[in-house]
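Chain IDs A, B, C, D and E follow the sequence of writing; residue 1 opens each chain.
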Amino acid sequence: MMSQILTNIIFLPLLMAVVLGIFRAPIRVLKIGAMFSSIATLVLVGILTYNFDTTIGIQFVQDLPWIKNAGISYYIGVDYLSLIILLLITSLMPPLYIYMFHENRKGYWYNMMLLQTGVTGAVLSLDLILFYLFWETMLLPIFVMIGKYGNGMHQYNSMKIVLMTILGSMSMLFSILYLGYIYFETTGMWSFALTDLDTLVFNAQTSIWLTAGFLLAFAIKIPLVGFHTWMAPAYGSAPTPAVVIMSAIMAKLGIYGIWRFGYGLFETTLSYYAPTIIVLTLIGLLYYAVRAITEDNLRKMFAYSSGSHLSLIALGVFLTNEYAWSGSLYFIATHAIASTGIFLMIGLTYKRFKTVNISSLGGIASKAPKFTFFFAFFALSIAGLPGTGGFVAELLIIIGAFKANLWIGVLTATTMLSAMIYIFWMIQRTLFGQANNDIEYSDLSVREIVMLLPLLILLLATGIFPSFFMKIYETQLYFTLQEFMLAIGGLK
Amino acid sequence: MLEISIFSILAMFMLGGSIAMISNKQTLFSAFGFLVAMIGLAGMFALLDSRFLALAQIMVSVGAVVVLSMLTILTINAKEENMPHEPNKFKWIIVSSILVTPFTLLLYKTLSSVHQNFSEMETVSSKVVGKLLFSEWVLPFEIVSILLLTAMVGAIVIARKSDKTSKEQS
Amino acid sequence: MLSIIVILPFLSAFLMALVYLGDTSKQRYSFYTIVGVGSPVIMTLLSFMVGFELLSGADTIHETLFTWVSVGDFNISVAFMADRLSVVMISLITFIGTLIHIYAAGYMRDDKAYGKFFSYFNLFMGSMLLLVLADNPIMMFVGWELVGLSSYLLIGFYHTDSKNITAANKAFILNRVGDFGFIMALSLLFVSLEGTGFTFDSIKANIHIIEPEMLSLIGVLLFVGAMGKSAQIPLYVWLPDAMAGPTPVSALIHAATMVTAGVYMVARYSFLYVEIPDIGLFIASIGAASALFAAIIASYQSDIKKILAYSTMSQLGYMFIAVGLGAYSSGIFHVFTHAFFKALLFMGAGAVIIALHHEQNIFKMGGLKKDLKLVYITMFIATLAISGIPPFAGFFSKDAILVSAFASEHYIIWGVGSLTAMLTAFYMFRMLFSVFHSESKESKKLNALPSSMTTPLVFLAFGSATAGLLGVNEAYGGSSWFTTFLALPDVTIHISHSVEYMLGTLNVVLGLMGMGLAYKMFAHNAQEAKADTIFRRVAINKFYIDEIYEFIIVKPLLTLSRLIANIIDPKIFDGFINLNVWGYTKSAQLFSKLQNGKVRFYAMYILVGISGISFYMLFKLGLVS
Amino acid sequence: MIEQLLLAMPMAIVVIGAFVLMLLSHSRRIKLDRLNIVAVFFLIISFIMQYYTLGNHTGTFLLENVFNESFILDDFATIFDLMFTAGAILTLLINNDYFKSRQYFSGEYFALILFSVFGMMMLSHANELVTVFIALEIASISVYALVGYHKNNKISSEAMMKYMVLGSMTGVFFMLGTALIYGAVGSTSLTQIATYVSSNSIEDMTMLIVGSTFIMITIMFKIGAVPFHSWVVDVYHGAPYPITMFMASTFKIAIFAIALRLFIVNFGSINSFWTEILQVITILTLLGGSWLAIRQTLVKRMLAGSSIVHSGYLLIAISSIGLGSELAAPAIMFYLIAYFLSSVGAFGILSFIASQSTKQMHYEDFKGFASRRPYMAIMMSIFMLSLAGFPSTIGFLGKFYIFTSAIESGQILLAGLGILTAFISVYYYFKLIAMMYFYESDKPQKKFPFDISTILIVVMALLIIWGGIGTSLIPFIPGADGFIEIAKQAISSLK
Amino acid sequence: MTPDMFFLLTSLLFSIGLVGLISRRNLFVVYMSIELMLSSVNLLLATFSKVLGDASGSVIALLIIAVIAAEAAIFLAMIVHIYRENRTIDSDDFDKLKEGNSNA
């Protein structure tokens, strides 16, 4: 059972969707089925985590030949890095389904199940082509969800996100193919397995180009500044569950990619790109934050906020010291939870007031205190409020940044300031002020609280007991870091 | 020497005929030009010791094809006003002549780069041709018949007046 | 015990929040009062117990709960430490806090969000105690941040008025500017000390391994943090606006406790600052400038709470003069005495405001001394105390500061301090006389004040009168008990008693001069100053600092944001993409123009292709040379 | 002898079928779907017979004493034969509804299809250039007639006229090339040409090279390479749906059958000579095709434009062959299978929709298609994704092999351009998906019609998915591996 | 008499056919141009036949004549059909399928 647990985790939602689809399940059954698949995967991941050995790297490996003569294999496994994102995905799905409880359009549910399979698969793949398959597959449900169920210029925006991300993945595909070819040239066999490709030695020029291919894909997905113009429109148009997945999971997969494939394959070349990317992330950190200040649409505002924080995470990844790395990894998790929270709140705002424009909101606090509490809590946790996980992560990244360089440190520390400005101004205008008596302000229902409470508790827990959560990755993260340092010869 | 003068005359006929064909406004005159060229070609075949070919050329090309075309021209009874007016014809001819030059040059240079002389050979009589057709070339010969059949079916299909008046689009 | 002190207020805050959110419509006055006021009482008792423990000889008390983060050398535990400095602070905070809680139970009685208020209030207490009792800089920073947050919540307590929220935002963001400095300082400190542990004890032990330049930078950045929290130039602008919150909030947070966190922090890092006296001088200069500046503005304000706010800022300036010049104990001593009389002044002001139906302009008050006798007396004591009239508390603490300024031979700072002392007396009595002495302007019936509001005044008045006695120095026959108890690395003062007497006398004289001037101008017919000279206009408008900030920071930031939104994003980044797309579609358009439907054109394209290939072949095959 | 005759049977059956249908078509009493069944019957028999000859032959000649070396029997040809017959069967069956809905179809239609299939089969088996030319003419002439089949329709006639003029024009170049090769070699037998090529140096083979370049021009024209592409969009548009499908899938493959044979076997040692020309043409084709496809509003025209792009991908692999890539030839075969499945499916759905209305299929007409016909929409999406090379479809693997072969042969930039155009193609394929899914329809949902057309479309869709993700884990069922194995087997039988 | 002369003649005839094909709008002339091109190939084949002393060239030419006949049949049928439908044989009149006219 344990040998196939990952396969089950990946394909359970897809299987459920296909079975339900073929039998044209009525919406009620569909909901139950989706919920069941999400909980079942959660349980499976729970079992997995329980059996997870934090002292070794990749485990629960399943390596089966798939397309033999191209050396493509069904090669999956989980290590500390993927486990964290896996935990996030599976634990965010049930709240999302609770959120979607009243959603009666079937496509929503099918797409969400597909999406779960896509992102889970991408995280667990250790074969580059398999990874590419899932990487692209997860785009489809997003494409449909934005285009079909979105608002605003949703058709245009969904095309935009798909085209921009596919541009990235095509460049990645090119690098993957080239990598495979180099392996073929060296060994006479085809293979796209990460472990095989890791043994390759490239010449510098090739490596630089190959890395560029990967980095473009990840930079667009994250998105780093300059590659970001799809972000705000897509977030603005997407329906809430899609936004949550995009911000909480998909953007993180960009970081994950850098970590897994960047550090897995191109240690030395990555340090060639590091200065450029560090500059980009620092610009992004401030750029998105400044942009968010005057943004009126809540979704877009938090899209920019997301961008800013993901720049921070990316920065941490490229700073390559234990603080920054640990902080980045921790931030991946906590930011995912916090942004899930805030985007769900924005979704609830939209459900209530039929708008997410700050200028049309206001005075919620005096009528709906629970709503206000949750909203403010998640917003503040995005801003890195002490006591929530985000604070720990930001602190670690800032320390890491100072360790790397004084000026990087100074610019990184501005994150303390920048998020504050737009978030507090936003809170002032949305939650506070005079209530409009013409609008009915209904407070959170029990169902909604049930959906939000786990997120809140998780955020507090990660903020108060971080060392408990960090145990999952500590050992292996340092190990990876040491290997990297050895590879670039930077180990003292 | 005699051959050269025959060749020159035939070549002149052929070139003149074909130039007339492409430059004449009147379709019938074009067809006559073409006929002249075809007959010239038959002469050339004869000059090249391919008597059977010359015969076939006269019979098929001249007798059948050209006459068929002329018949068609007459059949459809195209009036002068239904014929295309081609005001820029010569402009096009000049432009395409310039464009075609590299190709002509290539073709000629290639051809003349290899063979300089004729070899001695017996006249290609119908006997030789028949022998070859049924030995070496039997497969092409067989499928040419299918080609002709196909063309026939195709021509029937195309030229048949459709009795139905369905105007729907493809 | 320490952990209970810290956790208890958080728990009670959490409990009240839960109950409050459960059903906001219910009043539940007694529940909230018991929980909300009860927990500070317990905390006070516990603090005193800790204090006694230390008095009875213990040096420091440590308590570790659990490891918070452990990454590489970054081992941070949730741990508490009580040394003498912090025990003074927690006693002060819990004691004054309790009194203000009691006062608030009366003040806020009719507020619908009573439960929420106490929840916030306890949250604040918890954060402040965490700040003070933290055993490592990171925990201190956590408390520091949470203090800022609760201050934000409390300033914006009346959230239906957008102005209040703006004030709250301003407070929080400026605090965060300070925190920005603080976190940088901490990170640099950690990075410089990497591998030697990161508790106050270990930092103290290893501080010498840091290069002086780095240490100076850390010192400055730490002080930036203090500037934000303690409202020093240039990060002070939030403090006057913060008066938007309920008066107990102003009393607790913006007078007695939170704003002194900066002073506490500098004192906490005294081991660091003694290594870098230049930075100390810088701190002292900022303090002096803030003191004078605030005093001038205070002299032209008409809102009672704003006068007190500027006064607070001015007094904080004194404290920074002290800690900057190395007289840490004097600074903390001033924190100690100031807490009593400033809390008292705010609570008195709050009582007046409540009595006058939320009137805050001192020039619309007057002649209240008969109707609000208790308030008048207690406030008079406090005013005397703040003006540095012996034997009230303020005299001793302020005198100690000015003496150390004089002794350190920074005469300009000393001069500014003395001038400010006179101004302090002037504006405080200006306020007192306008409110209580001058002719009554309105004849509305006064609101009755509940005893829960007046009783704490008495306690504080007693404190204001006597707290100074704890730190009477040798010149005045005392033993500087307070200084001895704190045991901070003060600079030793070499100054004769006669000079001290002279300075003390000068202070008293200056104070009396200010008082006299105020009496002359405001005791009978208080008039608001007219903006007739440039100086007055500037002073009344608070030197236009808010406007300057608006102009040099807020406006450019918003402009930049709009620039990104309207130009950079759509025109440059999207523009680049769209340019490519445009180029592509344009070439597609041109290319499909070739598809004009005419067969001879198509044949022509084929000929062009053939021609091209032939051309290439001619050369490639060497058929032409 | 008998055995030899049996080997010729698949082809003979097709011709016999054509004759039978020609005769039957004159009978007014026999309905079209009966004729359809007859045609399919012959094709299926031929298909089955071919299937059993598969895997037995490498380079033997049929009736060598009669046909000399004109008719070659190898797996390469057989696999192509299988594709042609399968293509024709699918064309006939999937369009069953379409025939019935259109008045203008008559019995000769089936005869012409069968003649055309015969021509293509001959093309793949021919080992002699004149035979190739005649076979090509048979296939082309049938298709000319088929394109203009809807005679009352002006665009159908127009398409026929264009195709005929341009097709004949380039056909002449084939013959000219043949003549030149004959002049150089003294024979038109491919075997002799191969011997000649391998025994001479490039400098001595000017005439042969120029001749084969002319032949190449014809091939380029037939596959729609820029600048010989201009007919593609117009003719695909003008032809009736079944014919468009037949041309896009089957006929195009037939051209590659002969192109590969010539390029790999006969000009095997000198094929790097054309690399530069091919690369330039490839670049033009990729760009031009995507330029054309991106501007279309009519789905059929878009597919026509995109078929040019697909030719471009195939051309990348062809020049890779010239540069010595081992993978390129199987990659082409595999890609052809992938493209065959996807385009048959896509055109099948178009023709299915067209059979129910007389409207032209614009992008706009697909608005809300997903809510009217959810299953059809899913399948159309699968076809579009496969054409776009989206992973988990066979189209992705096709591109995978093409691009790896390009990288292997060092054509990095060309592979890069290919990937770029693949990216652009995402736009016009996804636009259709967007149209289907992003709009609601006010018309009621229709039931899924179970008939032979739709079932075959489903089969196509399943094959595409299976070809993309099918694994070798499940025994006996060839997945993606199976297809590429077949392709490799075919290529290896050439040598 | 050298083969060169025939080669020149062939090249010229073929090119003239090509020029006629491209520059003329009259479909008859277009058709005849194509036939002319094919015939010039025939001439080439016959020349080669004599050059190589191999009768095969002539046989191929003979087969080509058959192809010419087939093409003639289908071409003429097409012209007849097109003329009947449209009353014109001007190839430029047939541009319904041009780009941007997708409603045709």
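The working rule: a contact is a pair of C-beta atoms (placed from the backbone, for glycine too) under 8 Å apart; a residue touches a chain by one contact, two chains touch by 3 or more.
Note that the coordinates shown come from a computational prediction; the quantities given were computed from them, not determined experimentally.
Here the chain at the heart of the structure, going by C-alpha means, is A.
This structure's chain pair with the greatest number of C-beta contacts is B-E.
Ranked by how far their CA centres sit from the centre of chain C, the chains are topped by B. Between the CA-based centres of chain B and chain D the separation comes to 31 Å, rounded to the whole angstrom. Each chain gets a centre from the mean of its Cα atoms; for chain A and chain E, those two points are 65 Å apart. Rounded to whole angstrom, the centroid-to-centroid distance between chain D and chain E, based on C-alpha atoms, equals 26 Å. Inter-chain centre distance (chain C to chain E, centres taken as mean C-alpha positions): 95 Å.
The set of chain C residues touching two or more other chains comprises 592, 594-595, 597, 599-600, 603-604, 607-608, 610, 612, 617, 621, 623. Each of the following residues of chain D touches two or more other chains: 130, 134, 137, 141, 144-145, 148, 151-152, 155, 160-162, 165, 169, 176, 180, 183, 206, 210, 233-234, 238, 292, 295, 360.
Across the assembly, chain A contributes no residue in contact with two or more other chains.
Viewed as a contact network, the protein chains fit none of the simple shapes, being neither a path, a ring, a star nor fully connected.
Working note: touching chain pairs come out as A-C, A-D, B-C, B-D, B-E, C-D, C-E, D-E.
Residues 18, 21-25, 30, 91-92, 94-101 of chain E touch chain C in their complex.
Interface of chain D with chain B (complex): residues 15, 22, 66-68, 70-71, 102-104, 106, 108-109, 111-112, 115, 118-119, 122, 128, 130-131, 134-135, 137-138, 141-142, 144-145, 148-153, 155-156, 160, 176, 180, 183-184, 206-207, 210, 238-241, 358, 360. Only residues 3-4, 7, 11, 14-15, 18-19, 21-22, 27, 30-31, 34, 37-38, 41, 44-45, 47-50, 52-53, 56-57, 60-61, 64-65, 68-69, 72-73, 75-76, 78, 82-86, 89, 92-93, 95-97, 99-100, 103-104, 107-108, 111-112, 115-121, 124, 128-129, 132-133, 136-137, 140-141, 144, 147-148, 150-152, 154-156, 158-159, 161 of chain B touch chain E when the two sit together in their complex.
Chain D makes touch with chain C in their complex at residues 161-162, 165-166, 169-170, 173, 206, 209-210, 213, 217, 220-221, 226-228, 230-231, 233-234, 273, 276-277, 281, 287-288, 290-292, 294-295, 424.
Contact residues of chain C toward chain A in the complex are 17, 20-21, 24, 66-72, 74, 78, 116, 138, 141-142, 145-146, 149, 152, 156, 159-162, 165-166, 168-169, 172-173, 176-177, 179-180, 183-184, 187-188, 190-191, 194, 557-558, 560-562, 564-565, 569, 573-574, 577.
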